[in-house]
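I'd like to ask some things about the structure below.
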Amino acid sequence: MNNQEIILDVKNLNTSFISDRKQVDIVKSVSFQVKRGTTLSVVGESGCGKSVTMNSIMRFLGSNARVSADNIQYNALRDGEITEYHLETYKKSNGPEMRALRGPDMSMVFQDPMSSLNPVYKVGDQVAEGLIQHTGMGKKEAREKVLELFRKLGIPDPESRIDCYPHQFSGGMKQRVVIAIAMICNPELIICDEPTTALDVTIQAQIMELLKDLQVNEGKSIVLITHNMGLVAEMADEVCVMYMGRVVEFGSLEDVFDHTSHPYTKALLRSVPVLGLADGQILETIPGITPNPADIKGGCDFADRCPDCTERCRQGVIPAFEIAKGHRVRCLKYDSFPEVNG
Amino acid sequence: MMRRKIALILSVALAVGMLAGCGAKGEDKKTADSTKTESQVEKGTLKLAVTTGDGSSTDDKIPTPWYNRVMATNLMFRSLFVADSSLAKASPDLADSYEISEDGLTYTITLKDGLKWSDGEALTTDDVIFSINTALKAATINSIYTAAFANITELTADANVITMKLSTPYADMINVLAQFAILPKHALENVDPLKLDTDTFWTQPITSGMYAFDELSVGNYFTLKVNENYEGTAPKITKIINYFVSDYITAAQSGNADYMFANAADQVEAMNKMDGFDSHEVNVLFYKYFLFNMKGVDGNQNEAMQDVKVRKALIEAIDRATLSTLYPSATVLNSGVPNEDKAYNGFEYKYDEEKAKKDIEASGYDMGRTLKICYYNNDQTSIDLINTVVHYLEQAGLTVEATLSNDGTTDLFTTRDYDIGFKGKSAFSMNEWYTEYMSGDALFGNVFGGDTAFDELIAQLSAATDEKESNEILKKLQDLEQEKVYKVPAFTVGTYVYTSKNVTIPDGVEFCNTLYSCDLDFENWEVK
Amino acid sequence: MLKFILKKLLMIIPMLLLISMIVFFGLQMTGVDPINFMVSPETLSANANNVEALRESLGLNDPLIVQYFHWLGNCLHGDFGYSFDGSAIASIIAVRMPYTFELAGYSLVLSAIIGIGIGIISAIRQNGIIDYVGRVLAVLGQAIPQFLVGIILIQFFSIKLGLFPSGNRVSPEATNTFVDAFVHLFLPVLTLTIGMVAVLMRYARNTMLDVLNSDYIKTARSKGIPEWKVYLKHGFRNAMKPVLVILVFRIPMLVGGSVVIESVFSYPGIGLTMTNAITSGDYPVVLVTTLIIAAVMLICSFMVDVFNALLDPRVRLGE
Amino acid sequence: MSDSTTVSIKNQNKSAASSLLKKNIRKFMNNKLALFGLIVVVIMTVACVVGMIVGVDYNTPNLTALKTPPGGEHILGTDTIGRDLWARVLYGGCYSIFIGVFCAVMSSVIGAILGAISGYFGGKIDQLIIRISEIFQAFPQLVLVMMLVAIVNKRGLSNLLVIFVLTGWMTTFRMVRNEFMSLKGETYVKVCEAFGMKKSRIMFNQILPNVMSPIIVSTTTNVAFFILQEAALSFIGLGVADSTPTWGNILNAAKSVSVVTNQWWVWVFPGLAISLFVLAINFLGDGLRDVLDAKQQ
């Protein structure tokens, strides 16, 4: 795969937090790639490190976070030219290099639209702010652009809504505004961190539709963080399953859904409620509880909950094996396959 | 972690540095003082401080002269006579001459010619008569004036001669007149005498002394300038600034007072340690004394204090000699007459803890009851003194409770919820101490229960003009007061006057009781 | 909005009336006779009759209710009456109020700039050196009793170094009123500021930290705008509201509560006037100064409501 | 549902709670300033109480040994009438700490109760209590103190306590009220209401525990506030009677300029005692906030 095809390439990303003067590892040697013009879904239970991984890439973490990686490479495609950015080399989280990328190149849609908007400014101004910052556009012109985007995002009566404050918007509309903020500079990569979790189901569908449209019509690359397997099935081209800060399975939608390999992914898929569950059929749950990241032992993190656990699973670091092209699984069951990084 | 430590050390060091800075300030104060005085003091300007901290004066008008006299009012307001430093001899001031009849009942006082107020109006006998008559109606006035003037039966003037007739002889009359400031009739005749001391007159007074009022800045200062209408020698100091301050010592330290006085131990100690000041000890009759409450709460009999043995025993339990060390040059005394005075009768209250204990028990005093002490001076030395007194009485086996009163007059003389009161009195003369025993005294009569035993002797005393005669009467009064034990003096407190080194005082000047007025030869004072 | 403001404003009147009543009758209940403050125990007075006449002329013998309504009626005509020591209260207030406002104003501005400034820097550079020094100094400033700070400052700056006068507000030798004001205000303002900076700094820091943890700060960062814009435009603007509330509520504390400082520095402000009036039983003055302080408090409370409305669109747009 | 499961859930909750407690304690221990605060507060309180129980002689003047500098027989020297300063500071600590703790706790209790009532019921009661709190807030504390002192005609400890409590409950009240207003909309409150639980039970057993941490934090810092307030009132002569050796009364010696310049120990030690205690209490309060306040974690 080349730079033309891959928009984001992450290798061996580690993130830890200092809490109580102790270092707690949250993300451990995570590697994945996002292909240009596709959607990558990152799935996993709450607290598995999905959001932290993405925030590590965008460098949105606080001062108590330590991020290191072999490679976080963003390949921008401008006028057919590829420019490589090595995000891991930028020392300052909020330095000029990172800031130049945020907005015009990569942007993020956050989980809770209720709190993601600044309550004291008009939504139009909040959307225009990034545009003015990056293009130096005048206020009037920016306003036109914002109106245009609002129309595109299906915000009704944009001319009057643009001068409203966030508290005058409903949840779904707020999320559209958040998406507008992410979209206004026309970035190539949009990271959506559980964009619909806080919304009710009908709104969820509308928002997802919107994102899908954007990806298909405008060729955006999307990273969709979610724990909703239904959404994954609907949206994703590729899937990255995470558990306890590690990528346990990575592959295309078919690889992961049809050739499910890792015991955790299997358990995860079995626990998805399906409409029209047959009588007597019981929804499965994953036995045991998620361990606390602060007291992790060696071996496979899933060992305690895994039906196929063996003695070997409890020792050392479990490597990933490529069981098919682009389908990597971190499980010793597949140790006959070639070991790969990530 | 390191940063945190550095920060902590840094901030603590800063704080300690500041504390240390003022803790160790004794040594290099001299330099600070000298530089300051050079830079700040204008030539020919004297700085005075008027304290507002003790509630005796307010900072929105100048002090009035009819209650206590302070330096500033002494320079502005004159009396018919001017006293010497003993306050017991006077020579004419506004008066040109005077005569007293043989029987001591008629005073003929001739006023100087051509006297003028600072506004140019003539100062006449009208002003004198107005002042004396008004004083009798005023509410806030030192009682030495009302006690003296109450004897006047007739007061007339003919041209510049005043004739004053008395009902009974009053030996101190001339000395009292030497303190009594004459006020301008033309500015005050329409003022209600009861509210005289609060009139707006005091924000821009018309004066008779060598200085005239110049300017008042409320809460900050008032200034005096030379009175052009003053007929005597013009003073060498051309301007006087009076700062309203909350603390004399701070004012002196920061160079805002060239003249001040002190009578509390800590003030004297602080002033003596300052290099920029000369100290002058002044002989005054400043009594600190205990009084026993015979009447009890709201005038009901205070049973516990009725027995004179109890009262005597309580005094025996208090070591007044040791208490006196809290005050500068305090002298223990046993009556209204100082021990070294010719009139002293020789009696002594002795401190004897053991005897006091026995005497109290023998008197049948209920040891379980709480003895209440009431005092009203809130300076540290008074508080210290009372705490020590409480300790002595506790040593004698009593339960004691001391209350600081915010409202001395009410608590001591109206509410009367106490057994022993503690008071101070800066007396004009010994006679003033004894007039407190008068059965008709508006205040003390309430406490001592209107005992008439003293009245006769006191009347004789105020009429006595002969020293020998008055000494005899004083001895009798002492015997009587030591028999009755209504009030017991602890000691008299020495007062010190301090003048800054910037001020040159002419030779031979002696300071008098600082709450009264006397001749200080002020026109010859100089300021560097 | 206008209706809201009017309603709030009108609420002040009954509150003030109530307070005036409480103070008026409360003072009477104390049973302390003001006359006794006017005539000192040192005077062994033979003038009992004069005193009685004075009492009558001051209207102290009327029934309480009559006295109250008499007083209230006069107040409504702008006549606040006379202090027992004779000055018109209106003129006392006219002289002292500006001094107090001056002292309070400078202290407020200075401590707001320093306190909020350090607080915000502390929050932004959490656990940095400024944060630690600021926090420790702030707590120190809060821990030392204010009068002690004042006394120490006088001893150090005024007496040892001779840099500033030890008290008062105006000096008679002043040639330049600005310099005069500066030297007289410096120490009392510094003393008040030391105490207040601590409170403001801690509060600003905590609020700012809360705000900086909010999601919209992340949103702001995701736009790629410069950090100072994130902090000031998005952070500070949101932290400002609670900080402003605290700041405004400091005003009445400064006006009525700088009593201690005014007495340490013999600064002729309203607080000192009130304390002197309290200790000398000058009830008319106590009454009026209490009401002024209460009014300042109520006005500040009203201002807080208005600020809230102005700063927060949720309130402003009428909910 | 069987008993065994109930117990097990209870146990589970218990163990979760105890692990949270452990975690909080650990967190607190790691906060050096807070730990310092706690240790200082405990040491000073214990020292003062022990001093009082042992009955150190704080009250015997010795006019032959007044103003003795620190060292020798008197560790901290003697005051202006020769009383041992060390004993006085210890004894005074008892009074000052008592004043601080009592007033802080009482005003929190009153503030919490009124805040709960006001926030939970809302409407007219709320309006009434708010008005009352505004009146109290608008009142200068000095005037209240003066009125009470004059009415009772005694500058006793109880006066001061009453005034401090009366004028101190408003901040807690506002805080609790606001919390109650937002919490009463929570589902668990609705559930309790649906079960027909008594209102007082809902208020104090269900909602109040959720507001406890900010109350605890503000109570802690109020202790410091009241101790300072006592000192300030003593300074202008409206505090506790002079015979009661509170820290404020001892520190009053600093009113005399001569003491300030010549007998530093007379005011530095009580001053240090106040400052150190207040400092420690503030650190402790900050530490508690960090531990208890979820938002700052």
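A, B, C and D are the chain letters, set down in written order, and residue numbers restart from 1 in every chain.
What we mean here is this: a residue touches a chain if its C-beta (ideal position, glycine included) is under 8 Å from a C-beta of that chain, and two chains touch if they have at least 3 such contacts.
Not measured: the values here are computed from a predicted model.
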item	value
Separation of chain D from chain C in steps, with touching chains one step apart	1
Farthest chain (mean CA position) relative to chain D	A
Between chain D and chain A, distance of the C-alpha-averaged centres to the nearest whole Å	49
Whole-Å gap between the CA centroids of chain B and chain C	37
Distance from the mean Cα position of chain D to that of chain B, given in whole angstrom	44
Between chain B and chain A, distance of the C-alpha-averaged centres to the nearest whole Å	87
Chain D: positions in contact with at least two other chains	150, 153, 237, 260-261
Sites on chain B at which at least two other chains make contact	4, 19, 22, 25, 247, 250, 253, 406-407
For the chain C and chain D complex, residues of the former touching the latter	15, 18-19, 22-23, 26-27, 29-32, 139-140, 142-148, 151, 155, 206, 209-210, 213, 252, 256-257, 259-260, 263, 274-275, 278-279, 286, 289-290, 293-294, 297-298, 301
Complex contact set, residues of chain D against chain B	32, 59-61, 63, 80-81, 149-150, 153-155, 237, 241-243, 252-253, 255-262, 264, 268
Touching residues on chain A, where the partner in the complex is chain C	58, 60, 63, 94, 98-104, 107-108, 110-112, 115-121, 126, 129-130, 133-134, 165, 167-168, 178, 181-182, 185
Touching residues (chain side chain C, partner chain A) in the complex	126-127, 214-216, 218-227, 229-230, 234, 237-238, 311-314, 317
Interface residues, chain B side, partner chain D - complex	4, 19, 22-23, 25-26, 247, 249-250, 253, 266-267, 269-270, 273, 322-323, 325-326, 378-381, 383-388, 390-391, 401-404, 406-407, 415, 417
